[in-house]
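For reference, chains read A, B, C and D in written order, and residue numbers begin at 1 within each chain.
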Amino acid sequence: KAHSSLNGYRKSCWYEEEIEENLRFCFALNSILHTGATQYQEIALLDTKPFGKALVIDGKLQSAEVDEFIYHECLVHPALVYHPNPKTIFIMGGGEGSTAREILRHSTVDKVVMCDIDEEVVDFCKAYLAVNKKAFCDPRLEIIINDARREIESRKECYDVIIGDLADPIEGGPCYKLYTKSFYELCVKPKLNEGGIFVTQAGPAGIFSHTEVFSCIYNTLKQVFKYVVPYSAHVPSYADTWGWVMASDSPLVLSADEFDLRIKQKIRGENRYLDGKTFSSASILSKAVRKSLNNETHVYTEGAARFIYGHGSACNQNHA
Amino acid sequence: KAHSSLNGYRKSCWYEEEIEENLRFCFALNSILHTGATQYQEIALLDTKPFGKALVIDGKLQSAEVDEFIYHECLVHPALVYHPNPKTIFIMGGGEGSTAREILRHSTVDKVVMCDIDEEVVDFCKAYLAVNKKAFCDPRLEIIINDARREIESRKECYDVIIGDLADPIEGGPCYKLYTKSFYELCVKPKLNEGGIFVTQAGPAGIFSHTEVFSCIYNTLKQVFKYVVPYSAHVPSYADTWGWVMASDSPLVLSADEFDLRIKQKIRGENRYLDGKTFSSASILSKAVRKSLNNETHVYTEGAARFIYGHGSACNQNHA
Amino acid sequence: KAHSSLNGYRKSCWYEEEIEENLRFCFALNSILHTGATQYQEIALLDTKPFGKALVIDGKLQSAEVDEFIYHECLVHPALVYHPNPKTIFIMGGGEGSTAREILRHSTVDKVVMCDIDEEVVDFCKAYLAVNKKAFCDPRLEIIINDARREIESRKECYDVIIGDLADPIEGGPCYKLYTKSFYELCVKPKLNEGGIFVTQAGPAGIFSHTEVFSCIYNTLKQVFKYVVPYSAHVPSYADTWGWVMASDSPLVLSADEFDLRIKQKIRGENRYLDGKTFSSASILSKAVRKSLNNETHVYTEGAARFIYGHGSACNQNHA
Amino acid sequence: KAHSSLNGYRKSCWYEEEIEENLRFCFALNSILHTGATQYQEIALLDTKPFGKALVIDGKLQSAEVDEFIYHECLVHPALVYHPNPKTIFIMGGGEGSTAREILRHSTVDKVVMCDIDEEVVDFCKAYLAVNKKAFCDPRLEIIINDARREIESRKECYDVIIGDLADPIEGGPCYKLYTKSFYELCVKPKLNEGGIFVTQAGPAGIFSHTEVFSCIYNTLKQVFKYVVPYSAHVPSYADTWGWVMASDSPLVLSADEFDLRIKQKIRGENRYLDGKTFSSASILSKAVRKSLNNETHVYTEGAARFIYGHGSACNQNHA
C-alpha cells in the first residue's frame, strides 16, 4: 500500500551517537540485541553493520566488536610488557571483561582483581559478550562489586600493575575522584609493589580533543610519578584517536625489539594491534599534542576542581 | 572509558524512512523484532517508540500498530457498509491480514479470499502480528498465494466486494498492471456480482502528493464504473493524507446517519476511526484536490504508460 | 583526495525537526538564508527542497513557503466569511505577516491591528518574506510591538474579528495566559463588536495529537462563547493535522454554497485551499477527535494550570 | 503557532556524509555558503560547527578549515624536506590551492605547476578559500587546466618533486589511470630530475580501511621506485586515518632531528602538524597495516584492473 521502490533502498535503522553537540557518528543497525537500565546507567547491546556488536552505556559507545582490541591491547600490554614480571593486577572498572581477557593472556599473571561498581553491567557482559566468556571463568580472576577507591583503600596487598579502565574524569561524573592527584598519591601509588606500573585510559587524544582530559591526566600523573609515558591510537568506532598514560617510579625504557621479544615470551596468542614498532609510534605524539602536554599546568584535585571546572550550582549538587 | 554523560541523553536508535528523496520521517526505535528477505521483497518488523510495531517492506512503512486502523477501516468499511448485504469478498494483496480482519468483523460476510503473491510475507505476518491472529484463523478466510490478476481471471465465481490492497501503481513496479483501465474492465468488473463494489487504496492524497497516483486512479476508475467515490484521511505514521477510491455501477449514496445505522447493524465491535460523519468529511476533498481530480485526463493503460511516464532507457529496461 | 563517487550521491544537507522526542521530520536543504537571535527567540530562514523557504523559530518550523497558505487561509477566512461585514480586525501575534496578508484580501476590511511581542521577528519577516511585502506596506495595517494582553486591555475600541496567531498554550510557555478562560472572558469577548467572532489557532489536531491542546482550547472557549466551531486540516510540512477554533455569541451557520458566494463577493484573488466544501469537510472532525472534544473537561485557567499541568519547581519558576 | 520550546533546542541543520554505506558522519551547520555544479562534479562550500568551512565535492568532504593542515602538511612537507633542494614542483590535481600554499612556503621553490582538470573548482576555491588567496597570487605558481596525464606527457622539463593530490583510484573513477604502474613508470618517473621524489595521497589508511587502496598504491609504487615510504595520520574530519606514499630512486633517510633542522632552514612560518618526531611516528605503521602492506600482491595496471576489481557488467560499463 505504500510506494514501491524500484531500485532497492537505503539502510533504514541507525544508531546515532553524539560525539559532541555538533558532531554525530551513525552506524547502520542489524539489530538491537538488548537494552536495559542498571542502578547506575543505561546499557544497550547493538548489532551494528560497520562495527559488529557494540556495547553502549548512557548513550555512549563503550566498545565495538571489530575494534575493541585496539583499546584493550593498548590499555593492558604496554604496562604488562614493560613490567619484567607482572604477577598481580588490579583493574579499576573494566566490567566489560575485555581488559581482564587481555591481562589473562599473560603467562606471568597469577591474580587479577577487577573492581567495578555496577554489578548489572558485569552480569550483562558475562551473559552477552561471548568473546570474554573464557576470561570471566578464569580462576585467576576475582570480580568485586564496589567503588574502586573504597576497595583499593580497604585492601592490604599491593599489585604489580594497577589499571584504570574508568569513564573519563568529567567534573560531576562518577569517576572524577579516581583521576585526582590525591587519589594517585594516597591510594594508587601506595598499592603498587616495588617496580609497579600504573596505567589508565586517558580519554580522547586527537589533535583537538586531547585538551579535554588527556593533557590533564598526563600532567596530574607527572606530579606523582617519576616516569610517565603518554601514548595514543586511532580507534575507528570512536571517530577519534584515543589516549592512555602509563606511570611508574621505575624507568620505562624498552626498545621496539625488546618489546617484541617480551611479547613473544609472555603473551599467549598473537596481538592484533600492538607490537614493538606500533608502541614506538603510539608513544611519539604528534607536534601539537606533545606541545599541549608539555605546556599543561592544570592538575586534577578535588578541591581545585570545584572552582576551576565548576558549572554553577547544578554541578555542585553532583559533588554533594 | 568514554565520556560520561551527566544529563541523560537523547534517543540513539532510529528508523529512518525516505518519504521522498528530500524528505525523511524518523522514528526512535525500541527494537528490531525481525528482518528478512522473501523471494520478492525485504521485510522488517520494528518496535518503534512513536508508532508501536511497524511492518516495513522494501524500506517503506506499510503499517504501524497505533494507526493502521485508519488505513484499514477506510479501505474496508465504506464499501462493505454501502453494499446492502456483502457476503463474498476478494482481496488483492492484503498479506498483512489487517484488511481481512476488518472484513471479518462484518456479520454478513461468508467468505473472504485473500490473494497475495508473497507467501513469506503472509507467513511472517501470521507469525508476528498478534492483532491479526484471530483473523488468520477464521474459517471464512481462504488464503491464496498467487498473482492477483491470474487468480481472479482463473476464478469463475463473482464477489460482492473486491478490494485492492496493493502497492502503488509506480511504472515498472510490481503492481502497475493491477491499476489499468483494461484490468478494471476485463478482470475486476466482470467478477463483481450485481450491485458489487470495488474499492482500492489509491496512494497519497495530500495537497501536493495526490497528483502522483490518486488522481489517475480516480480518473481511470471513472472510465470503467458509473459511480466513483474518492476519499482520504490523514495517517500520522505515513506523514501524509492517504487516499482510497470506491467504484460501482450501482449508485453510492448513503447519509451519515444511515451509514452509522448500518455500522451498528453489521459490524462487530466498535470502529476506532470511521463513522458516518467521518466518512462524510473524508469524501469531501479539499478544493485543490477536488480540482485536480476533475481536471485529470490521464488514464492508466498498459500501452500508454510506457510513453507517458517513461523516464528514458533506464525505465524501459524495467519493463523488459 | 577523498573517495570518488561513481553513481551520484544522496542529499547531504538537512534540516531536522524534533516533532516530539521520538519523532523527527527532516527536509533536505538548499541553503540557510539567515539565522539570528532576537530578545525572545532564535530565528532562522531556511531554503528547503521539499517545502521551499521555511521560517523556524526556536527550532520549530513556523511556516513553509509551499503550504503556509493552508494554515493562514484556515485561520483567517472562515471567521471573516462568517462575519457579514468585518471591518476591523485585531491579530494577537502574527508577526510573520501572512495572517495580515490574508485579512487584507478582504475588501470589507478597513483596519488591521497586528500586535506581536517580538519586534525583531517582525522586522525579519518584513525583510525576508517577499510574499508578505505588499501586506506589510498596506496602509490599513497597524503594527504594534507589545504583549497582546496588555495591548488589547489598553485599547478602548472593539473589533469585528479578533484572531489568535500565537504559540501553543504550553504551560510555562510565553503564550499560556492568552488561552485561559479568564483572558477570553475579560479581555477578548469585551473587545468584540456585536456579532463579532474570535478565532484562534489551536495546535495539532491529529488523531493522537489533538488531546495535547486542541480539545482544551475548544472546551475553554465553550465556557465563554455560545457558539464554538472547531475545524482542522492536514498541513504537510507540520507532519500533522492542524486545528483552529472559531467562537462567537452569534450563531455560526453558513452552507457551503453561501460560503462560496461570500468568498466571491469579499475576497480579492483566489483561495488556494479553502472554499465552502473544504470548510464543511474541515469542520466535521473524525470520530475519535469529536469524541475527545465532547468529553474534554479541562478548562485553561491561570490558577488551575499550576496544579494540573505543573512539572515541579522548574515550571513554577517559569511562571514567576 | 507551533509548539513552544521551553528548554532550548538541539542543532537542527546538519551536513551528513556517508563515509561508507553503513557509516555516516554528521556535522552541525552554520550555513551553506555556496553550492554549484561544474562540468565534472558538484561542489559545495559549507560552514560547519565542528570543522569550520568545508569543501565538499560530489557529496564527499574534501577538506575542512580546522584540520586540512594535517592532510596538506603531510602531503607536501616530507617530500620537500627529504629533497635537499627542491626548486620545481608539479602538482597533479590540487585545485583547492592548499597543496600549492604549503609548497610555496618552501624558500627553495622557484616554480610550481598545478594541473587540475576542473577549471570551475579552481575558480571556486580562488574565490572562496581566503586561506589560499595569497598562494593563488604567488608568481611562482602556474595553474594549468588539463588532464594531469596529458599535461605531464606533453611537458619536456622535469621536476624535483611531483605530487599526486587526486581522488582515490576507484575503478571507473576519474583518477584510476593516474595510479597505475605504467603511469608511474612511463609518465611520472621520467619527469623527475635526478634525486627527485614522487609523493601521492593514498586514501584511507585506518586499521580496516587501508586495504581499500593504500596497500595497493604502496605495492604499485614499490614496483617502480627503489625507495618507498608509506605514512599516515588521523584526520578528524575524515573520521579516519589517512595515508600518503613517498617514493624515489634515491634513498629516503633522515633522522627526526635533521628533519626538524631542514624545516627550520627551508619553511617559512611554522608547521602546525608536522615535525621530525611526528613524521617518525607517522611513518611507523601499526602492526596490522604494516603486515598488509608487506603482503599486498596487487599492482594497479590498466589491463589487470578490469578483471581483478571488476564488479560485473555494471562496472565494465563504467569503463566503456
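Here is the rule we go by: contacts are C-beta pairs under 8 Å (C-beta built on N, C-alpha and C of every residue); 3 or more make two chains touch, one makes a residue touch a chain.
Model, not experiment: these values are computed from the prediction.
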| message | Roughly how far is chain B from chain C, centre to centre by C-alpha average, rounded to an integer in Å? | response | 33
| said: I'd like the Å distance between the centres of chain A and chain B, where a centre is the mean of that chain's Cα atoms. | reply: 53
| request: Could you list the positions in chain D whose residues touch two or more of the other chains? | output: 10, 14
| request: Answer with line, ring, star, complete or other to describe the graph linking chains that touch. | output: ring
| field | Set of all touching chain pairs, with the criterion as stated earlier | value | A-B, A-D, B-C, C-D
| Where on chain B is chain C touching in the complex? | 11, 14, 20-28, 48-50, 66-67, 70, 206-209, 233-234, 236, 239-241, 271-275, 277-278, 280-282, 284-288, 290
| query | What does chain B use to touch chain A in their complex? | reply | 1-6, 8-10, 12-18, 29-32, 35, 42, 44, 46, 56-63, 71, 93, 165-168, 170, 172-175, 201, 203, 238, 318
